[in-house]
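Here subunit A shows up in two complexes: once beside subunit B, once beside subunit C.
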Partner chain A sequence: MTGVRDETPVIEARGLGKRFGETIALDGIDLRVDAGRIVGLIGPNGAGKTTALNAILGLIPHDGELRVLGQDPWRARDTLMRDVAFIADVAVLPRWIRVSQLLDYVAAVHPRFDRARAETFLERTSIRPRVKVKELSKGMVAQLHLAIVMAIDARLLVLDEPTLGLDIIYRKQLFDALLEDYYERGRTIVLATHNVDEIEHVVTDVIFIDRGRIALQATMDEVESRYREVRVHPSRLTAARELVPIHEREALGQRIMLFENVDADRLATLGEVRRPSVADLFIARVGNGASGGPPR
Partner chain B sequence: MIRHFMWALRRELWENRWLWLAPSAIAAALMIGFVAYAFRLPGTVAAAAALDAIHFHQAIIEPYEIVAGIMMAVGIFVAVVYCVDALYGERRDRSVLLWKSLPVSDLETVLAKLCIPVLVLPLICWGLTIALHILMLLTSSAILTAHGGNAAVLWSGTQLLPDEFGLLYHLVVLHGIAAAPIYAWMLLVSAWAPRAPLAWSLLPPAAIGVIERVAFGTTRFAEMLIAPLGGGAAGSSATTPAGGGMMAELMRPSLGQLLVSLAFWVGLAIAALFVLGAVRLRRASQPV
Partner chain C sequence: MKADREWNDGVPIYRQLRDRVVAMMLDGVLAEGDPLPSVRNVAAEYRVNPLTVMKAWESLVDEGLVEMRRGRGMFINAGARALLLKGERQRFLDEEWPRIHETIERLGLDADELLRARRRKKP
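This part shows the complex of A and B:
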């Protein structure tokens, strides 16, 4: 990775809140995203992910303190967008526009857009410049939007449910492109999703959000060192429970327990120890009672 | 700022091709209608020759005035349809999230959208009207000449050039700038309405008009609204003395009269408030 690590956080929120009438979408959360990280913002549907991202992108007013690249996004959205690129959770490219017109427009208004890079990306696809967006498949629209966003030399890239409704080929292309971009430019990426499995091997940090609150914020290294999952031997169940697992479940007739900050050597005496998946950790920290059901 | 504004304007014309296609189609239909009429022109010119100079002039220019009047009405209709959907449409198709992901301010976007009814549409209608007038003049000249008539009476009778400048003033200053409060109001509603922006933009003014009529028996609010779209600024006299000619009618009220009219400046101030309101609403707007 070639990116320069900066001490100033890319995103810093203190007491970030948002209400929609009586509904509390964000309940005064504290958040910090440092430069050069790939952060997975994970939560069930309705957890507050999109609201948090909308506040970060300056799309909605908010309570509390929020700085993105040192600026207040609500007051300086248009200047902030020189350094931030984002894709919303559903197709937002207007159906009437031609691919060439979209490239012309973005090239004209965005000082950090590299048109040649976008065209190179599009050459790998079957998207032709004269085609209108309405003539493209859903996957092609996503590829087009991604080509534009990837060609913007933004310091922060925000993707909200970028793979929603798309096939596995596109998903793989997206994450390959993200990783390639990350290692090439070292920019900060925030990925919001309820689909944990597909980003597990991409992110450097995870933030769990549920009912407008942060349930966990940690680097993947911290996750690996703090949490252990043990497939407990039936004869060791009582001893295992004495170590107060944060979650216990049954799979294929075996008890599986998740421990936080428990010595690995001690756990090894209980059964087979392994690193928990992010999905398992999410269920342990957020639980099945999450508002939209557990993430996949 | 100017670069963003010009590209925002271009985007509006890409998206709303009907802004020039619809007036062009009407202009084409008018031209077809005129060609059919022009075959009766030799008889009309002969009958007009028996009239005095003023009535002869009126008989010759009448089709040109009708065409200009229809194109004005088309311009107003297209402007109203455009305004009510301008900020609602981008929320409906969710493209507002794309536009707001780019470093273009809400003010630049809203001003570009206001510029369409205030400047772009009047210029489109003016250009089409000039093209129509020239084609009409050439067609009628050819038909008149073919029937042994003197086409020179048409060229001297129509006074094309000064009338076209009068028309430009009328369209841009009176239908565009003086009517800006109406268009800005529609943009404000378009930025706010959860659905049916046309109904929301028409209902409040209609309600005020009805309440005024019932309570006071007057129609001043309705007259104030219609005045600019009818060609006059609010508060100015739009009456036309007989024999003033097309040019005089188009230039009324004059720029001088307009600039000293309190109603004109109050109208512009109200338009500015509506624009600021639309900018604030767009700032927090989400797809509907």
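This part shows the complex of A and C:
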């Protein structure tokens, strides 16, 4: 792209693990995220998404090897936080603070905060500087949070369920901000979500996580060349099953099969070939497992 | 570009973005010498990742329809429309015309009749 590709990965994990008492939240996962990518971390509730993000952000100690921008996030959290910005799925802004005071605070503590940029962003919303956080709606709090994070010149931006419970206007603003800002500065984004449809075309890479393990890690280009969905003609069902589909479902009375690494020309003889949606791929790879069902 | 986020699942998205630009060139919405919309604008507008848009723009460069001007962005080449028309005419003659011609023969229509029917339709 714009020459931002760096040799050292932004995130690299080997055997990353985390247990809470008897519960294994992360079961020794391997991860690699390169600079300039937009990565969708996708999994049902309780799959280990938030635990993985917390380890990456240095909020919890971990087992195994983990490097974020070349550093151990648990040991080097303070220096790392200059280059990493984060939006949690729970609002953490103090309720009593005024918007202008919040900007004062961030400007004082964060060396890479561009206050003018945050103010420009806020001018496009109905949030006024004198207002207190407790007077803002949930969507406005999210906008305020986004304004601050977008004004921090970070190399890695981490978002945990960024659109959960928010309306369509905010969602549009979020994706506009991410995609415009992202391209300009070539930063890396990790987006944890269970709302697959919304981010399907936005991400350059997907990581499926389920019950503490990685079920799939691939670029979207790899997904597109590796997986194909076929609406199988009724007379070709047996021939199709001989090619061992990894998943089969029915829609409007037709069998739809998902294939991995099967030649496209061969599949074309079975019926209409299409690119599978990430949601269908997720169900095929992870299944309707016990850990909360498929993402929607 | 108007953001219609409906995608056809049979064709890669970068290809569909490329096709939309080509349609805009054929319709004269984008003229020779015009800049292409910026990657980040299109990415945000269509809600697709910038790498996908970049790939679409690169395929237009490979086809000789667009050129990259260092530091200034992408521009529609002089002669791009003629190049496109040539390609589209050839495609029509190779793919569509044989089928249409076959129908005309089958129905026993002659050239005069066809042209007269066309003139009557015109406003």
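The rule we apply is simple: the second predicted complex is superposed on the first by the 292 of 296 C-alpha atoms of A that agree within 3 Å, B and C clash if a C-alpha of one lies under 4 Å from a C-alpha of the other, contacts with A are read in each partner's own complex, and residues count from 1 in each chain.
Heads up, the rule we're going with is that contacts are C-beta pairs under 8 Å (C-beta built on N, C-alpha and C of every residue); 3 or more make two chains touch, one makes a residue touch a chain.
Just so it is clear, the structure is predicted and the values come from calculations on it, not from any experiment.
Q: Given the touch rule stated above, what does A:203 touch, subunit B (first), subunit C (second), both, or neither?
A: Touch status of A:203: second partner only.
Q: With the two complexes superposed on chain A, say which partner A:92 touches: subunit B (first), subunit C (second), both, or neither.
A: In the superposition, A:92 touches subunit B alone.
Q: For A:59, decide between first (touching subunit B), second (touching subunit C), both and neither.
A: It touches subunit B, and subunit C stays clear.
Q: Who does A:183 touch here: subunit B (first), subunit C (second), both, or neither?
A: second
Q: One more residue to check, A:106. First (subunit B), second (subunit C), both or neither?
A: Touch status of A:106: first partner only.
Q: What's your read, subunit B or subunit C touching more residues of subunit A?
A: Ranking subunit B and subunit C by residues of subunit A touched puts B first.
Q: Figure out whether A:21 sits in contact with subunit B (first) or subunit C (second), or with both, or with neither.
A: It touches nothing on subunit B or subunit C.
Q: Flag every residue of subunit A that touches subunit B in the complex, lowest number first.
A: Residue positions touching the partner: 54, 57, 59-61, 77-82, 85-88, 90-97, 101, 105-106, 108-111, 145.
Q: Report the residues of subunit A in contact with subunit C in the complex, numbered from low to high.
A: Result: residues 1, 38, 175-176, 179-180, 182-184, 201-204, 220, 224, 229, 272-275, 277 of subunit A touch subunit C.
Q: Please output the residues of subunit C touching subunit A within their complex, sorted ascending.
A: Where subunit C meets subunit A, its residues are 7, 9-10, 12-13, 39-41, 43-44, 46-52, 54.
Q: Can you name the residues of subunit B that touch subunit A in the complex?
A: Counting only subunit B, the residues touching subunit A are 3-4, 7, 10-11, 14-15, 90, 93-98, 100-106, 283-284, 286-287.
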